[in-house]
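The letters A, B, C and D name the chains in turn, as written, and every chain counts its residues from 1.
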Amino acid sequence: MDGAQLPDLAQRFETVRQRSLALAATLSDEDCGAQSMPDASPVKWHLAHTSWFFETFVLERSEDDFAPFHPAFRILFNSYYNGIGERHPRAQRGLLTRPAMHEVRAYRANVDARVARLLAQRPCDAALAALVALGIEHEQQHQELMLTDVLHLLAQNPLLPACFAGLPALAPDVAAMGWIACDGGVASIGHQGEGFCFDNELPRHRVFVEPFELASRLVTNAQYLTFINAGGYRDPSLWLAEGWDAITRLQLAQPLYWRQEQAGRWREFTLHGEQPLVPDAPVTHLSLFEAAACAQFMGARLPTEAEWELGARSEARGDLLQLFGQCWQWTSSSYAPYPGYACAPGALGEYNGKFMLNQYVLRGSSRATPAGHARPSYRNFFPASARWQFSGVRLAR
Amino acid sequence: MDGAQLPDLAQRFETVRQRSLALAATLSDEDCGAQSMPDASPVKWHLAHTSWFFETFVLERSEDDFAPFHPAFRILFNSYYNGIGERHPRAQRGLLTRPAMHEVRAYRANVDARVARLLAQRPCDAALAALVALGIEHEQQHQELMLTDVLHLLAQNPLLPACFAGLPALAPDVAAMGWIACDGGVASIGHQGEGFCFDNELPRHRVFVEPFELASRLVTNAQYLTFINAGGYRDPSLWLAEGWDAITRLQLAQPLYWRQEQAGRWREFTLHGEQPLVPDAPVTHLSLFEAAACAQFMGARLPTEAEWELGARSEARGDLLQLFGQCWQWTSSSYAPYPGYACAPGALGEYNGKFMLNQYVLRGSSRATPAGHARPSYRNFFPASARWQFSGVRLAR
Amino acid sequence: MDGAQLPDLAQRFETVRQRSLALAATLSDEDCGAQSMPDASPVKWHLAHTSWFFETFVLERSEDDFAPFHPAFRILFNSYYNGIGERHPRAQRGLLTRPAMHEVRAYRANVDARVARLLAQRPCDAALAALVALGIEHEQQHQELMLTDVLHLLAQNPLLPACFAGLPALAPDVAAMGWIACDGGVASIGHQGEGFCFDNELPRHRVFVEPFELASRLVTNAQYLTFINAGGYRDPSLWLAEGWDAITRLQLAQPLYWRQEQAGRWREFTLHGEQPLVPDAPVTHLSLFEAAACAQFMGARLPTEAEWELGARSEARGDLLQLFGQCWQWTSSSYAPYPGYACAPGALGEYNGKFMLNQYVLRGSSRATPAGHARPSYRNFFPASARWQFSGVRLAR
Amino acid sequence: MDGAQLPDLAQRFETVRQRSLALAATLSDEDCGAQSMPDASPVKWHLAHTSWFFETFVLERSEDDFAPFHPAFRILFNSYYNGIGERHPRAQRGLLTRPAMHEVRAYRANVDARVARLLAQRPCDAALAALVALGIEHEQQHQELMLTDVLHLLAQNPLLPACFAGLPALAPDVAAMGWIACDGGVASIGHQGEGFCFDNELPRHRVFVEPFELASRLVTNAQYLTFINAGGYRDPSLWLAEGWDAITRLQLAQPLYWRQEQAGRWREFTLHGEQPLVPDAPVTHLSLFEAAACAQFMGARLPTEAEWELGARSEARGDLLQLFGQCWQWTSSSYAPYPGYACAPGALGEYNGKFMLNQYVLRGSSRATPAGHARPSYRNFFPASARWQFSGVRLAR
């Protein structure tokens, strides 16, 4: 977690902080306050929690005369840091109609000004810079969650309101899927170089892999429809046991935001409202169960995270389309510490390490990921049942 | 359900409709949109549902060129009328961030204007008048629910925000509790006379009661504290079996909004924020379980609804303080149809009849009840476990 | 709760105690040990609990040198008496594979011998006699529960095993249903005379009823089929709100033990295995929800418990067939204390009083009720959703 | 899955099948029929299911005139094979009081005779031999489960009955724990050689590991007590997030079967009843959460499954005590397919592959594992929360 150069850092801090507000600009205060499920948080809560992060891990450690913006916010906007103290129950974040959005905006402005002042006062403080850099990356993670969470909220509304008016430019045509061969042997994965990374990307270490192939692009909606139409959701032999239980119990038969308007005519709810399904776009909002079943149906499998990373760094990486910026790509790797992994001391050690169980790694990035946030060694992770993220499939074999 | 005289009705309609908006005037849009539990509804939903009621049962039946304000609102704001059609799941009312409050206000204005026009056009239409009168009483019921529900919502917030700034005038001193004797024999209960009543207050019918006594006033906070301090919440012999299970499972040891700040110093969360407990005020926010256990502890019992009504109509009624305007008073009577009760035909028949099971009758009215809404024959009803209403205890023996 | 004459009592004690064992004679130890749901108990548990009842309320109070048969049984076989002390969790009664059936039989034999000795030693002890008489009636209640509970258990088994081999004699033909008129006015209900009754049948007291009519016999399977075939389970206007929620959530479309073998051919699981549905037999194993919906469909209603009892005591009682010995008959009356009702002091006061909430009264008796156990004032009670009892419908209007 | 030599196989079949019955010899029919939780099965069900396995995968495939012993058993005793057809709900296995134990014994005898006949008739049928060998190993897995499941059942009984009378010989003294160094580099794991293995042990493949150390013996009860007494269950920094949630929600503060009789005096419920805790014995019945927290507390970690297997095959293996026969040893490896893993075709492919998600690998074997069943490449697996297995901890660093 190396700090960036400080002048850049102050600029980057301001840019990223403003982008969070910009994401909420077209949402009403009510949109920002509601919580659609315990896994998702209100936009307002994200805006406050990211400020809490800077207040707790930057201001409190660095300001001589530190005083919290509001004592109750220390608890209300702590996500999961036992090392910091108590916290508000996660499932009740949507009941916090106070503080109001304008108070959260004031909280943000206060934290912004104080962090900016610190950065100006201590241009050579590498520890400070490292913490601010971490806070910036943390804020970017929450920017993506703001989008996934508000999309889930609006999807519960029968009016199917759009988060953002207007449609994005159509995705370019995608070539037919091919297989790109990658070498086996002992190779290294994990972050290298000077730039920022999270602690879970370290230490860089050696692994042994057999030769493998990765698909040249992501599985498309059209390909996934073939899986559906062939009865994929009714054939237990394609599914992991826990996945079969889940789709049977919840009566699932398509990706999260799909709706069959009439026989064969599908629509998908997006940040721009409900739209006709785009056949060539990558299928999105799949659980790991669905991703693995579809791969099984297509005679392939999911890559391990080592395969994905080695492919993304290989000479063939130019042939691997849609590595970033479309959908996070489920891997078959459970989220586990790298050999020699060590948590940071104190509460920041809770950032990643304690979640390394019963979650699976996704690689790449999605169209909701802030520009510049991801990299080949980046490890995203969610439970296998999660569907509300922008998650898709790249096949391996 | 007789109609009132029409000129009065139009004026009353306007007054009552405006009061609903006035109740929400100090709340933010977020406060109005959130839902703290499935039993409670957002204020915004109440504002929309009461308009839906007029639209569905007045405008649709009377306007020649009826068109709904918004087709989707027919489903979104239907509470429980199967006869009308589908409805939005109750537990998800808090996720309806759209329509926004300003849209709900526009909905209300539209309905108001159309109802007013109808009333002006048909001054002699008794059926129309009866439906508008029903809608007015329905709106008043929801005015009380707006207060009970937003109080519950704000009580979940660690900031303990006040719904209304400022404190109400202190309650006057209350005389010592005495016992007022009432005659037994065959007597009639149920609504009589020309004024409005709900169908569940009819038909007026004869009952036989033994001679009984009612307490001259409600049980106070100080009396309830005696029950608590004597170990009332730890003695199963005082409790109904289902009540004992509930307080054990939920670890209850005081009324819903009480908090013991330090030994012996209690505070109560109210619409005006958290306040020191007022010893002489009626204890409020009790379940029937708590009401019955406290009565048992005090060597008394709860009245039946017939006893309550007969007392409230007896010559001794002048000696019975706090019959109205403080707390709803739990009775031991399950909510059941009166002999000869008949539902209205059609969807309006769902107003009351289908709920006559596993609920218990409360009589009187509370400080949250709109002026003029209650009467001696009025039957309020809730499940025995409900605590978020303004519910208290009048003893009988 | 008057005691019977003692020589009769000793004989009656022995007869009733032996009958409990006789009911279990064709069941395996495994059949006797399993528990199909928290509401039902294993047969072995019933056999032990009824012995616990005599041990706790007769032996412990009367033996000079009382020592429990087994200290742990005091807790294991206490059903719900907080006044006695701790108890084993109800839902885990089926996990008590020890004590084994032979140990429970030894427990029964020990208690039997000690009670017999006491009765022989104290022929004039009225208090002792009253407690033994209560224990006998208690045992008879559990004899019926042994049958309802083991029927429910065996119904979960795809092999559909019969509790008892052989078929009962066919029910006699039943005349067409007629309406029997009963007078209104002030009349008395509740137990009268010298014989045994439970405390909930007292005090005898006056009620006022309007003139009413009772159906001359119970609703038959054939009549209930008409209700089903007319879409009764799909028409919300026939149902109480809580009933409609239940049948929708649980996807109910017929009585508990019915199965449609093929279109129009129904079978019913009984104590004698699965049998073709007998059209003229009373429909059984209905919830109050189903009973009330069927009554509504047939243009009638359920009787109140006062109406039922007054009918069963009226001069017209000879015209009322099937009052006893076929099915318990749901009434619309919630289970509540009679005016002036007083619990017994101590733990025996928990027998009835604490359950007087959210349960509904059934009158009559069923084919599983021991001969001589019921009477016109007898009040059985279960939650409105209960279906595993032998519960049916007598109409009123 | 190579077959053994046939004469040996027939003998081994008979020996293993008889041992299953021997394990149940001291249990009552009731003990054998009850089910203490959905994760555990009744002993009777295990006895029947293992017979179902031979009937389905051996007899049905090989007998010319195959007819099932009982048609309903095909469904009742199918565990989870969708490829075979329907199955009885897992959580209701304890309600199958029929077939009785004597019928299950008859089922076993019938299957035994028919398998023995087939083996005698086809001495050179390698496919048959492979299936019988698989069935034998499958039966041995269920022998361990019979013990873990009946131990859990008896532990629910306040009488704390012993599954087996008499105490096992005391465990020998164990030397102080040391650290055994193992080499890093590229090495192969997975089954090798001619003997039987499950498909999940294949294919043998190369992995890269860093140099590591394994503890010379398992963590003892005394060591675990140090963790408890130091407040290990109250310090969130030692726990994975999901583990901390679990121990907080379930209020766990010691291993599954431990009970603190009085301050500092602990007892443990075992197959031989409740016994004083043996300080030097390996701590058993831990979840992965507890195993990992204890390792963290001791400044170490759990081994990966590759490290465990390489250690157990290394030249230092002689220094590694208690590899087998005491407790299964949690690893930090999620249960995943080896590179190139392929399920068997058809229903047998469901044996292992579909469970490779959200489970963690345990290595070694326990004192409940049949002799000769385990080997260095053996992969046992359970969810991280499972505590009712004989699971313990070997540290790594």
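Rule of thumb we're sticking to: a residue touches a chain if its C-beta (ideal position, glycine included) is under 8 Å from a C-beta of that chain, and two chains touch if they have at least 3 such contacts.
Owing to the predicted nature of the structure, the values given are computational and were not obtained by experimental measurement.
Farthest from chain B, judged by the mean position of CA atoms in each chain, is D.
Centroid to centroid, with C-alpha atoms defining each point, chain A and chain C lie 58 Å apart. Chain centres here are Cα averages; for chain C and chain D they lie 46 Å apart. Here the spacing of chain A and chain D, counted between their Cα centres, is 37 Å.
In chain C, no position touches at least two other chains. Remark: the chains found to touch one another pair up as A-B, A-D, B-C, C-D.
Chain A meets chain B in the complex at residues 28-31, 33-34, 36, 72, 75-76, 88, 92, 94-101, 153-154, 156-159, 161.
By the touch criterion stated above, chain C contacts chain B in their complex at residues 80, 82-83, 186, 205-210, 236-237, 239-244, 288, 332-334, 336-337, 339-340, 349-350, 354-358, 384.
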